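Should a chain be cited, it is by its letter among A, B, C, D and E, assigned in written order, with residues numbered from 1 in that chain.
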Amino acid sequence: MANYTERAKQSHAVEWLNDNAQVLSIALFFIACMGFFWALTDTFMTTGNLLNVVRQGAPVLIVAVAMTFVIMTAGIDLAVGSIVALINALAAILMANGFDWVTTSVMMLAAGAVVGLAQGWFISFQGIAAFIVTLAGMSILRGIALYITEGYSIPIKDQAGFFWLGRGTLAGIPVPAILAVLVAIIGFIIMRNTRYGRQVVAVGSNLEAARRVGMPARWIVCSVYMMSGIACAIAGLLIAARLGSGSSNAAVGFEMQVIAAVVLGGTSLMGGRGSILGTALGALTILIIGNGLILMHVSPFLTQIVTGVIILLAVWMNTRLFGAGFKLGKKG
Amino acid sequence: MSETAQRGGAIPPNSATPLVSLRDIRLTFGSHQALRGVDLDVMPGECLALLGDNAAGKSTLSKVISGTYIPDSGTITVQGEEVRFTGPNDARSRNIEMVFQDLALCDHIDVVGNLFLGRELNKGPFLDQKAMLARAQEMLEALEIRIPRLTARVEKLSGGQRQAIAIARAASFQPKVLIMDEPTSALAVAEVEAVLSLINRVKAKGVGVVLITHRLQDVFRVCDRAAIMYEGTKVAERMIADTNLEEIVNLITGGH
Amino acid sequence: QDKTYALIQINQQALFFNQINEGAQAAADAAGVKLAIFNANNDPQAQNSAIETFIQQKVDGIAVVAIDVNGIMPAVQQAADAGIPVVAIDAILPEGPQKAQIGVDNTKTSEDFAKFVLEQHKDQDVKLGEVVALNSFIQNIRKDAFNAALKDSKVAVIGEVDGQNVQDVALGAAENLLTANPDLGAIYATGEPAMVAAVAAAESQGRQDSVKVYGWDLTTNVIDGIDAGFVGGVVQQDPAGMGKAAIEALAKISAGEAVEPVISVPATIVTKENVDQFRDMFK
Amino acid sequence: MSETAQRGGAIPPNSATPLVSLRDIRLTFGSHQALRGVDLDVMPGECLALLGDNAAGKSTLSKVISGTYIPDSGTITVQGEEVRFTGPNDARSRNIEMVFQDLALCDHIDVVGNLFLGRELNKGPFLDQKAMLARAQEMLEALEIRIPRLTARVEKLSGGQRQAIAIARAASFQPKVLIMDEPTSALAVAEVEAVLSLINRVKAKGVGVVLITHRLQDVFRVCDRAAIMYEGTKVAERMIADTNLEEIVNLITGGH
Amino acid sequence: MANYTERAKQSHAVEWLNDNAQVLSIALFFIACMGFFWALTDTFMTTGNLLNVVRQGAPVLIVAVAMTFVIMTAGIDLAVGSIVALINALAAILMANGFDWVTTSVMMLAAGAVVGLAQGWFISFQGIAAFIVTLAGMSILRGIALYITEGYSIPIKDQAGFFWLGRGTLAGIPVPAILAVLVAIIGFIIMRNTRYGRQVVAVGSNLEAARRVGMPARWIVCSVYMMSGIACAIAGLLIAARLGSGSSNAAVGFEMQVIAAVVLGGTSLMGGRGSILGTALGALTILIIGNGLILMHVSPFLTQIVTGVIILLAVWMNTRLFGAGFKLGKKG
C-alpha cells in the first residue's frame, strides 16, 4: 500500500559545519587578514612582530574570555575599562606605598573580584539590567580611579618581578601572552566541559528554565561578573607592568574593543550561543588589524575608518556566507 | 511506479480547482530532509486533516503554504495560478491565514492589539483603539473564551487563552484558506467545541481548512479528507467517509 | 562677600590638567576666594553648558581650558554679556571678549622644539615617528607646527600613529611604530599619554640605544628616561603656574584692574642638564 | 458552610499521609486573583487529574507545588512536614518534579544537555558527555520518541519532540511527586500511549502523579481521582471510579 | 452542589499602576531630584537656569526619542555620537564653503537619513547584530569626521538664522527646547497612536510573529535607524548652531548619555516595552543631575562617582519599588 521510507541520515560533515559556522567564519577571516598583511608588509610575519601583537593583545584577550561568559548569560559588562583603570591605579599606589608586587597582585585580584561581585549583585539579585548597572559602574569606577590618583600617573619602581610579568619572556614567549593563552584555554574548558559552563549557557538560553530545573540561576549570573572583575584585575596588572606606571587614563575605550572581539567571534548578544575559540580569534583579528595598518603606514586619520570597515566586513561575511546554513546537494 | 504515486498519490479532486495545490515540495534544513517531495491539494469548502507522527513534517509543510518557509523546490499553485511566495505577506495577501503551533503572539502587546496585528484599524492617521476593542470583543465571543481585560498584555495569559487569541486572529479576516496547526492542543472542552463549530462555519462559507491535530476524534467530526505524513513524505490520503480511526492510526504509525 | 570663580576643565586624566586645577585652587585659597571646577570629560558641549550654568549662578569670573576653541566662543560671549570676565588657559581662543590668554604658544613652542630636535641630530639623517592624539585639538597644533618646521630638514617624519590620548592605546601604537620601522631614530609624542607610552615602548622593545624620544609633558617615568639617556628632551609647561595666573588675573579684573591680554607662562625644554629642578614636582 | 467546604472540600484521603498537601492556597497577580484558596492532597501511588476550564488556575496551582510560584498565603505540607518553598530548588530537593506547560527547555543546548539540565553527570571535574549520551538514549526510548541526533540543539525540533524531552527529563530522576501540565498536548497517538503507560509505571512505584490535561478520555485511563477547578477555586473532587465523562464536563463548565 | 463563584473584578487602579510602573517611578525620581536641588541651591529653580537646562538638553532629548524607537525593536544605535559629530563637522564645512544655512540643514538631514539607512540596511536586510554594525559605524563615522576636519574645529560665521536655531528664543523659550519638545510629542503620538508605532513594538516583541502577520518587518527595523540618523542630524545642527563651530570632537560619550536616558525611562533593552514619556523624564533627570551638581560645586573628582551612583539608585528604586508589582490587600 503506502510507501514508507525513512529520511536520509543526516550528514555529519554538514551538521558539524552548521554547528561551527561562526568559528569557522572568523577563523577564515583571521587567516585572510594574516595573508593580506603578510603579502603587503615585510615586518608582519616576523617573530618579533607577532610576539609583540600577542603581548599587546593579552589584556584584551583575557578580558574578552571573561566577557564571553558574561555575554553568554545575555549580560554585558561595560565597566571593564574602568575596572582595569582602577586596578591599574590602585596597584601602582600600593606599590608606591611599600607593598611588594606579589601582595599587591593578590590584593588586586581580590579587589577585582569584589568589584565584579558588587556589579553582579545588582544585576542578579536586584534584577537591574546589566547594561545600566555596568554603565553606572563605568562612571563610578573610573571616577574612583581619578579620585585616588588625582590625575597623576603613578610610577612603579624596583619591582623586577612585576615588570617581568608585563615585559618578560619565558622560553622566548612574552609572559603576558602565555598568561592570556592559559586564561583562554581554561575558559575554553570551563565553557565546554564543566557543569559551571553548562549552567552559564543554560542561564543565558532560558533563565527561567535554568531556575526551574534547580540551578542556582542568580548565583551563576552573579559569578560571571565576578569572573569579569578578576579578568580585569589581571589585565590591569599587566598594563601596569607594561607601562611601569598606574593611571586613571588606562584602558579608555577598552570595553568596546573587548565586546567587539567577542561579537566578532560569533557570540550572540542575546545569550546562550558563543564560543571561547571564536572570541580568541576575534580578539586576534582586531589586534592584527591594528598592527597591520600601522605596518602599512596607513594614515592615522584613516585607521579608525578602515578598522570599522574591516570589522563590519568580517561580520557581514560571517552572516552571509555561514548564516544561511549549509545545504546538502539536491539528492532527494 | 510514477513519481506522483511515490509521493503518496492524491485523491482525484472534485471538479473545482483547488484553492492551493502543492507539487513535489522539498525542503532541507542543513542536512535534515524535513520535506522530501510532497503533493497536496486544498479544496474550497473542505477540511483537510494533515496527520502524522511527531516530526513527520506537518508544521513545516503548513508553513510552506503560508509563505513562512520558502521550499527548496516544488511548485505552489493558488487558485490555478502558480505563485512564488517570498514571505508570509504574499500568502496573506491571497487570503491564506494560519494559526501557528507556537502561536506567534507579541507578548508585550495587549489582547486587542494581537487580534489586529498587521491589520490595525485606523481612523485618519491614528489607530482606532475604540473600534478595535469593540470588534475584538465580538471575535473572542465566537470562541467562547473569557478574558477579563482585553487591554492586558498577552504575556501573562494562560496557555488556553493565548491559543484562543491566535485562533480568533486567523479566523476573523475572511480567509480563503485557513491553516490551523494543532489549534486545540491547549483548549478546554467547551473551547474545543467552539473551534470545531468555527471550522464548520467557515467551511460552509467555502473556505478551505487545513487542520493539523493529534486529536483524531476531532478529525472525524469536522474533516472531509485526511493526508497522512511520514518522515517528510505524504504516505496516504483518505476520504474520511471511507476510513476509520484504526486505519488512520495504522497509517500514521506506518504499522510500526 | 566672597568671590566665586569657575574653572572649566577638559578632563582629569592627564596630569597637566590636574596641575592647572591645583595651581588655581592654591591661588584661590591664598586669595580667600571660592573656586568651582568643572570637568567636561572631553565633551565640548558640556563646557558650554557649564559656562551657561555658572552664568546663571552669577560667578565672578570664569577660566576655561577649551576643547573646541571656536565652539567655546558663544559661551564666552554670553559670559561677557552678563558682565562676567573670562580668561583662557592653554588652548588659544580666537579673538573675542576674553580678557586674557594664559599659557604657552603651542605653535611657537613646537617650532622651537623642532629646532631643538634638529640640533640634537646635527646633519644626521634621522627617521622620526610620531605618537599623536588626533582627538586633541592642541596636540594637532603641536604635530602640524612641528612637522612644518622639520620640512626639508634631514629629520624625516616617516610615520604617525594615533594614541587617542589614552596611555595603553598609545603604547600599543608606539610599539607597532617601532616594529614597523626598525631603523627609526626618534619619536615625537605630542602629549602626556603619548609621551608615557613612547617611553614605555622604547623600553619594552629594547630600543633605548637606537631611538631618542622627544615630546611634551614630564611624568616620573619620563624623568627616568631622561636619566637613562634615551629621552632627548621634553617640553614642560608650568600648568600649576597657569592655574595660578588665571585666578590672579580674574582677581585683578574683579578688582577693576587691567591685565595683560597675553600672560605668558613659558615652557621649558627639559634635558639632562636641567631635569633636577623638575624632580620635586613628581614626588 | 465550613471554610474547607467552601474551598471545594476534599475526599477524605485513605489512611496514608499525603505526599503533598495544600491548604487554602491564595495567589494574586496584580489585582487578578489567580488562586482564591485551594486545598489539594496528592497521595502516593495515585494519579490525580487537575481539571478545569482555560484560565481556571491549574498551571498556577501546579507551579505552587513545584516551588515556581510562592503563594501569598496558605500552607504546603510535604509528607507530613510543613514546608516553605523559596524556589524550585526546594521542591526539587524533595523529589517534586514537573513538566511545564511551556516546557522550560534551553533552546541553545542539545537534547542530551536538556535531559540532564541541572543534573549533569560528572567524571572528575568534567562533564561526562559519553555517559549522558548513553543514558539519554534510554530515557527517550522509554517514550517511543525518535530524535535523529541527540547532539542537536532543541531549538529546531518539532513541537512534539520538544514536549517528549521535557517529559523524559521530569520522569527520569526518581520523582516522588510528578506534576505534568498538559504533557501530551503536542504528542502523536503512539507517543501519548507511551506517556500514559509511563504514568502507570511510576504510579506502581508509589509516585504521586498530578496530571493536568484537557484530554478527558486520558483521565479515565490513568487517573484515580479528579479535582476540578473553576476561576481560581477548587469546586469539586471525584473518585474516577465513581464518576463519568458527562459529570466531569459538567463540573468543568460549571453547568454554563 | 459545588460552589461556583467568580473571581473579584480586577481593580483598574492597580492594573493601571502596574502598567505604568516604570514611568511613574522615573517621574517620582525626577521630582525628588528637582526638590533636592531646589532645596540645596539658590539658582536651580530660576527660570533662567531651567530654560538653560532644556536648551542644553535638546540634542540628548531629541536623539533619545529616536533611540527609544530603536531600543523598542530590541536594537541599539551606538553610533549616534559619531553621527552627530560627522553632521556637525560637515555642516560647518559646507557653510565655510559658502552654502547658506537652510540648504546646509536640508542636506544634513538627508545625510543623517542616508547614514541611518545604511546602518539599518546592514542590520535588517543583512541580519547583522545592531550592536556590531553601530559599533563599526561609531568608529567609521567619527573617523570620517576626523578625516574631513583633520582634527581641527571649523568656525561658522555670519549665519544669524542658524545661530538663532541654537541660541535664539521664541516667546522667551529657547528654540532648541521647543524643537525637542515637538520631537518628543510627535514621537509619543507615533509610538502610541499610529500603525507604525504598533509595528515597531511588534517587531521588538516578536520579530518572527510580526513577519508572519505580514508586517514589513525588515523595513520597520531599518526605518528606526533612519529615524535615529535624522534625529542625530537635528542634534548635530543644534550643537553646531549653539557652539558656532563644527568639530570631530563633538558629542563624545553622547551615545551613553542617550542610552542611559532611555533605559532610565524604563525602556527595556530586550525590546517591546518602553515609552517616550519615560525617555523624556529619563533625559531630563540626567540633565538636571548634571546641572545641579555644577550648581552645588561638587568636586570634579566626585561628579562622575556621584552621577553614576544616582543613576544606579534611580534604576534600583524603579526595580525594587515598582518591579514586584502592586498587590491588592488580602481581601480574597
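Quick note on the criterion: contacts are C-beta pairs under 8 Å (C-beta built on N, C-alpha and C of every residue); 3 or more make two chains touch, one makes a residue touch a chain.
Going by UniProt, the chains are A, E = Simple sugar transport system permease protein; B, D = Monosaccharide ABC transporter ATP-binding protein (CUT2 family).
No experiment lies behind these values; they were computed from the predicted model shown.
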| item | value |
| --- | --- |
| Graph separation of subunit D and subunit E (steps between touching chains) | 1 |
| For subunit B and subunit E, chains touching each | A, D |
| Most widely separated chain from subunit D, with each centre as the mean of CA atoms | C |
| Geometric centre distance via CA averages, subunit C-subunit B, whole Å | 72 |
| Averaged-CA centre spacing for the pair subunit E and subunit C, given as whole angstrom | 34 |
| Approximate Å spacing (C-alpha centroids) for the pair subunit B, subunit D | 29 |
| Multi-chain contact sites of subunit E, meaning residues that touch two or more partners | 7, 10, 15, 146, 150-151, 301, 303-304 |
| In subunit C, residues with contacts to at least two other chains | 12, 134 |
| Interface hub residues of subunit B, defined as touching at least two other chains | 29, 32, 148 |
| Pairs of chains found to touch, sorted by chain label | A-B, A-C, A-D, A-E, B-D, B-E, C-E, D-E |
| Partner subunit A, residues of subunit D touching it in the complex | 66, 68, 87-89, 92-93, 98, 100, 104-109, 113, 117-120, 122, 125-127, 129, 148-149, 152, 169 |
| Touching residues (chain side subunit A, partner subunit E) in the complex | 122, 126-129, 131-133, 135-140, 142-144, 146-147, 150, 256, 259-260, 263-264, 268-269, 301-309, 311-312, 315-316, 319-320, 323 |
| List of subunit D residues in touch with subunit E within their complex | 1, 5-6, 8, 26, 28-33, 36-37, 72-73, 228, 230-233, 235-236, 251, 254-255 |
| Residue ranges of subunit B touching subunit D (in the complex, touch as defined) | 29, 32, 52-56, 59, 101-102, 145-148, 156-161, 164, 182, 185-192, 214-216, 249, 252-253, 256 |
| Complex interface listing, subunit A residues touching subunit C | 41, 43, 46, 48-49, 52, 56, 59, 146, 150-155, 166-167, 239, 242-245, 247-254, 290-291, 294-295, 297, 299-301, 303-304 |
